[in-house]
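Next come two complexes, and both contain chain A; in the first it sits with chain B, in the second with chain C.
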Partner chain A sequence: MARFLLRRLVTSVVVLAGLAVVTFLMTQVLPGDPARTAAGRNATAEQVARARTELGLDRPLWEQFTGYLDRLLHGDLGVSVFTQRPVLDDIAAMLPSSVELVLAAMAINVVVAVPLGVYAAYRRGGPSDVAARLVALLGAAVPVFWLGLMLQLVFAAQLRLLPLTGQLAFGQDVPRITGMTSLDALLGGNPAAFGDALLHLVLPALTLAASFVAVVARTVRSSMITTLDSDYITLARATGASELRVVVRHGLRNAMVPASTILGMQLGWMLGSTVLVESIFGRTGIGAHAVAAVLQNDLYTVIGTVLVIGVVFVVANIAVDLVQLWLNPRLRRTRRRTGEPAVPALAGVKP
Partner chain B sequence: MSAGAKEHAGARRRVLPRVPVVERAAVTVAVAMVLLAAVGPLIAPHDPYAVDLSRSLLPPSGDHWFGTDVSGRDVLSRVLSGARITLPATMIVIVTAALIGTVVGTVAALGGKVVDEVLMRVTDIGLSLPSIILALGLAAALGSGLRSAVIALSLTWWPGYARLVRTLVRDVKDAEYVDAARMLGVSRTRLVLRHILPNALNTLYVQTTLDVAAVMLVISGLSFVGVGAQVPSPEWGAMIAAAAGDLTGGWWAVAFPGLAIMLTAISFNLLGDWLRVRNDPTIREGAGR
Partner chain C sequence: MHRPPATPVARVRRGTPALTSVLLVGALALAACGQGGSGGSGAAGGSGARTQTLIIAENEPPATFDPVQADNSTVDEVSVPAYDTLVEYGKGGVLAPSVATEWKFSKDGETLDLTLRDDVTFHDGTKLTAADVKYTMDRIAKLQMGVASLLTAYDSAEVVDDTHLKVVLKQSYAPFLGALSRVYLLNSKLVQANAGSDDGRRWLASNDAGSGPYKLVGYTPNQEAKFTRHDAYWGGFTKQAKDVVIRYLPQAATQKTALSNGDVDIAMDIAPNDWAGLESAGHVVDKADTNVQLYTFFKMKDAPTADKALREALTYAYDYDQHQSAILKGAGKKAAGVLAGTMACADPTVAQAGHDLQKAKGILDAAGLKDVTLTMSYLKATAEMEQAATLLQSDLAKIGVKVDLSAVTYPQYVEMLKSNETTPDLGMIYGFPPYPDPDSVLHLQFNSAFINNGQNSGGYDNPKVDKLVEDAQRLTDEGARCALYKEAQQTIAADHPSINMSNPQYVTVHRKGLTGYAYDPAHHQTVDVYQVQVG
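Then we have the complex of A and B:
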């Protein structure tokens, strides 16, 4: 087990180092003058020259890279040309709001996908199975940003059931404690604002969850089918356990092992997808921040976002491995040959 | 039905493949979309770029089936012309990524333990990040534009293919016919190009078909957030971005390009699924589907 964990940690460090190289190349080798990019589109010649010395662009590439790595390790991701604040501070201020959205989307994902997958497997070929296949088909094909706009059109603009954009209604105010609006409202003892914040979360979270539900439902369905056909399920039935108990306690519990891997990895993917969702709904967050930065040519902010999401993703993967070890005792005993994650086909997990 | 009759029916099916209804529709739409990419602009009823502010945001009608956008351009004509932008861009990404992935995967599979380890760790980096984020960063660094988006996405999409090709090549490299060819003194390059790759890659097209939808969604997503195709390009994602501001006054300018993306994506996914099942008898007979 220690070997398995160690190997995963080494892989994570390699991935992070690679990420550093890739982002370094983004700043240095790609076309365009990085000093000009750093100084901003409308910078004067002196500003560009100053940026060049500040960034050490007059030194050899290798020295520049070690300098870059050194700054990264000290949490220095550069200064945003737009806000004139350290990139990391901006991102840290934005991240909680995105995490709130991702957690809400994850809740929807689990609540919809798991029962759908279980029921589709239980009544194979039945209407729920067809529904699951339809959800999978649509979820894998719908452009998230378009879905967000359509949901806005129907539920906010036409039916007026839910708020169109923003995180709180006009006039509502919550103290900033965690940066997650709904949690802050709760901590600030304002139930009306809490309800309002939740209402504002519904459409963006649904939009974000849509493409992920399909993958989870499909995974739960197929692992549930394998599980339901196994001998211990027959045995459980033979002992006279109720059908619900057989399916949920004996079936689902085992079928959730592969699904939990995918759910864990989806946390990282969802954080990436906020790029397409947050700006539509006028939410603050790391995704909207990255999009704004792209449009403002604020390259350091864009790269900072890539780095932060990358780190979150790697940490989430380590957490998934730990959960796996806890859920699946067999992993602890067998020495894995390659140390690859329990679910190898990453390509199929991409939303 | 007796076992013999069943076998007979199965045999007949293999001679004349029976395409299920849904899949037949999918193939039709996928082929239609590819055709549209070729002739779309020719059959467009209006000039997709012609601005006419007096005809701004007209709802769908006999003259403008999909309505007009805020600048008075015909949405149907733009959706038709957009096929010529979005689909080729997607194909370029997939072909480039598959080429890079094939080279990396083959070298990893045949190059020995150290080379394999190094290359697989490099692909880990690519696989361990949401491609939209990596592509966003790369495209931003390259400067906005469809070309940047295509380059960025090609550079982030290949690791999946590298993994797949590595597995496929490892499966065939020790096959008897490869050994036989080697013993006959076939050169290493020829061995790889003529004996190993053609047999290893004959299932790669399934994955590439399945990837069309995913790549198309990322490309249109990049255009939507502003790093891909720029206005006034009728790229579907860029069209949605341009029309999003007038959502309540002109939903059609948002809805139809999105439906075009979705329809294309669904049909390519169904096509890919069907190819996969047809290719893999274990899925066909097993619990899948």
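Then we have the complex of A and C:
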């Protein structure tokens, strides 16, 4: 296990180093001049030149890059062009809010997609299977921004059931403890604010989850079909176990191994997808922060945001591997023998 | 309700939808506890507090709250409630006193004597003095960013006493006074106490050091900025809001829904197609004249647009009436020249082309111009720009000129303008004068110093215009200044450096019952919340 973890950590460091290089180079080829942005739209040539010097953008590219890597190794993502605040501080302040949204969306994803996949597999080929797959596909096919606006129109404007934007109603206030509004409301002993924060989470979380449900539902359906055709399922039925016990206890547990891989990767993807959702629903968070940074040409904030999302993605993948090891003892044995992780998509389909 | 114990499997079956429903109902119930019966969307809150709160929907958050960056409208918008300025533009674009009650240029125009009010207090209770004004200007000059571009003539300031200040300029520069309408006065002691090593940039990015009618009390990044009354404000209060919230909603559709729901009082970015519907639903659609103009600049140095005859022909090909009626839906005027007609010193006698295809064709034929193909870049920032680009393309096709359109972002456009090789033959962009002085257009957009570096998009280079405008800058006599600016406008018009496409109005929609809202041409895309009465 320790060897496996060490391998994963080394791979992760290589991935993140590659990401840092690519992100840095990407910002060099992106149109726009951060020095002009910092100096102002009407700035004179001298003012722009001065801003360029202050930002270190007049130095050779390799020098900028080595300086950037050096700071990165010391945990410094640079400072914002506009606010002069450390990028890491800004991100740390906003990340919890995005994590709250992602966790809510993931909860919806699991609660909807897994039963949908199981049901479709159980009723495979029938009208229920087709309907379940269609519903899941519809969520994936609808563009996020359009879905968000439609949900706002129906549930906030027409039915007035849920709030339109923001994270708390006017007049509500919670102390900042974790940065997750709902959790802070709970920890602050304010049940009304907690309920309100949950209501504010519903539409954005649904919007964020919609496009992910199809992938998980199809994965669960596919692996459930294979699992339900297995001999051990036949044996379980022969022992007189109830159908639900057979499907959920014996079938789903094994079918969840490949799905857990997808769910883990989706954590990272979801964090990236908050870019649109947070903007539509007027939520604070790393996605909305990234949009603003790109619009404002805030160089180091853009790089920092991408890197942090990358770190979350890598950590989520390591967590997925650990969960798989826990779910399937065979993987532990395989890895112990070969030192290599088994292929998650195939592993665990059969006991 | 009592339920029989369920097996684990049964819990899975029943639990999923039940759990979701319970959570939602629970959240509704908990939220309802705190709403005090206000109902609505949940964002409305308690009705008593809500009526004393002005909520404004805006599409873009500020990068910082440091007013040194207030040349950007998003920063200007949050500076207006929190800070005072020395002077402000009143009705008709005339400079009016604010913290400065009197001002006087010396005969050579190189010093400016200011007299200040003695009853202005900052939000922490400290009294505003001439030392604070000097600190503010020195800081801008030191940082050389944002509004510093408007104060290039500033040299130093000398505090005479608490209410008198002598400002020394590097040279006579009459627009300096107008530029002061964008200089937000800082509490020098407070900023210095938090200055750190960056002259307070980091601290001011999220804190307020002003003396304006409202103080900043909170900012949730990309979500909302909250202000509350500064009760000791020297102007006093009548029926202004107790609290002001600027809520950042990027989508026009979301702003419309928020306004319809009563979640916001003023929406800054409602789509033109929704104006009529909201008006018929009882909202007020405010259309105000602006100093903003939409231009398509010609690349002046290279063929084919270096040919003056071609440029002139193209100005006659564009259908200005169509732009006004179909694109702006009546919310705007035809441009009267390079300066908006509402701007001081705008010359109404300047020749401005109208839509005349025969004349356009005649000019092309006379110049022997055939099979012309042009590149054109435009920003996809607004519906007006997108539609104007295709309208121009279609109009030019009618006189045999082919246009290859390319939509770019603003940073891309700025990058393209850095060299003549990459500058497009036609470039469409708005001119946003930072303050209502003709200099802010004629100097910034047509001075050769800004070619390949700034707002002189087409690379217009006419030494006569440079000299006229620079001479005008040195005159403190308004009549003499205007004469030079008018001559500059005539000279520019004769060179045909741009198609002056439109002078759009600024449209905001607000709920009925608000009074005093008025668009301020000196602070485009902001709301002067102190003028708005909610009672």
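Throughout what follows, the second predicted complex is superposed on the first by the 285 of 351 C-alpha atoms of A that agree within 3 Å, B and C clash if a C-alpha of one lies under 4 Å from a C-alpha of the other, contacts with A are read in each partner's own complex, and residues count from 1 in each chain.
Criterion: a residue touches a chain if its C-beta (ideal position, glycine included) is under 8 Å from a C-beta of that chain, and two chains touch if they have at least 3 such contacts.
From a predicted model like this one, the values you see are computed outputs, not experimental measurements.
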Requested in this report: In the three-chain superposition, say which chain, chain B or chain C, touches more residues of chain A.
Outcome: C
Query raised in the report: For A:311, is the partner it touches chain B (first), chain C (second), both, or none of the two (neither)?
Result: neither
Requested in this report: Identify the partner contact of A:273: answer first if only chain B is touched, second if only chain C is, both if each is, neither if none is.
Outcome: first
Query raised in the report: Looking at the overlay, does A:26 come into contact with chain B only (first), chain C only (second), both, or neither?
Result: first
**Report entry** Which superposed partner A:325 touches (first chain B, second chain C, both, neither)
**Finding:** neither
Query raised in the report: Looking at the overlay, what does A:138 touch: chain B (first), chain C (second), both, or neither?
Result: first
**Report entry** Which superposed partner A:69 touches (first chain B, second chain C, both, neither)
**Finding:** neither
Report task. Look at A:157 in the shared chain and tell me whether it touches chain B only, chain C only, both, or neither; answer first, second, both or neither. Result -> both
Query raised in the report: Which holds for A:92: it touches chain B only (first), chain C only (second), both, or neither?
Result: neither
Query raised in the report: Is A:43 contacted by the first partner chain B, the second partner chain C, both or neither?
Result: second
Report task. Would you please give the residues of chain A that touch chain B in one complex and also touch chain C in the other complex? Result -> 30-32, 145, 149, 152-153, 157, 279-280, 291, 295, 297
Report summary line: In the complex, chain C touches chain A at residues 9-10, 12-13, 16, 19-20, 23-24, 26-35, 40-46, 49-50, 53, 55, 60-61, 63-64, 66, 69, 71-72, 144-150, 152, 198, 201-202, 205-206, 220-224, 245, 247-251, 253-254, 257-258, 260-261, 263, 408-412, 414-415, 418, 432, 434, 444, 449-450, 453-455
Query raised in the report: Across the complex, what residues on chain A touch chain B?
Result: 11, 14-15, 18-19, 22-23, 26-27, 30-32, 124, 137-138, 140-147, 149-150, 152-153, 157, 222, 225-226, 229, 268-269, 271-273, 275-276, 279-280, 290-291, 293-295, 297, 299, 302-303, 305-306, 309-310, 313-314, 317, 346-347, 350-351
Report task. Under the touch definition given earlier, write down the residues of chain B that touch chain A in their complex. Result -> 121-122, 124-125, 127-134, 136-144, 160, 163-164, 207, 213-214, 217, 220-221, 224-227, 237, 240-241, 244, 247-248, 251, 254-255, 257-258, 261-262, 265-266, 269-270, 287-288
**Report entry** chain C partner contacts - residues on chain A that touch it in the complex
**Finding:** 30-33, 36-48, 50-51, 80-85, 90, 93-94, 111, 115, 145, 149, 152-153, 156-157, 160, 162-167, 169-172, 190-196, 198-200, 202, 242, 244-245, 248-249, 278-280, 282-285, 288-289, 291-292, 295-298
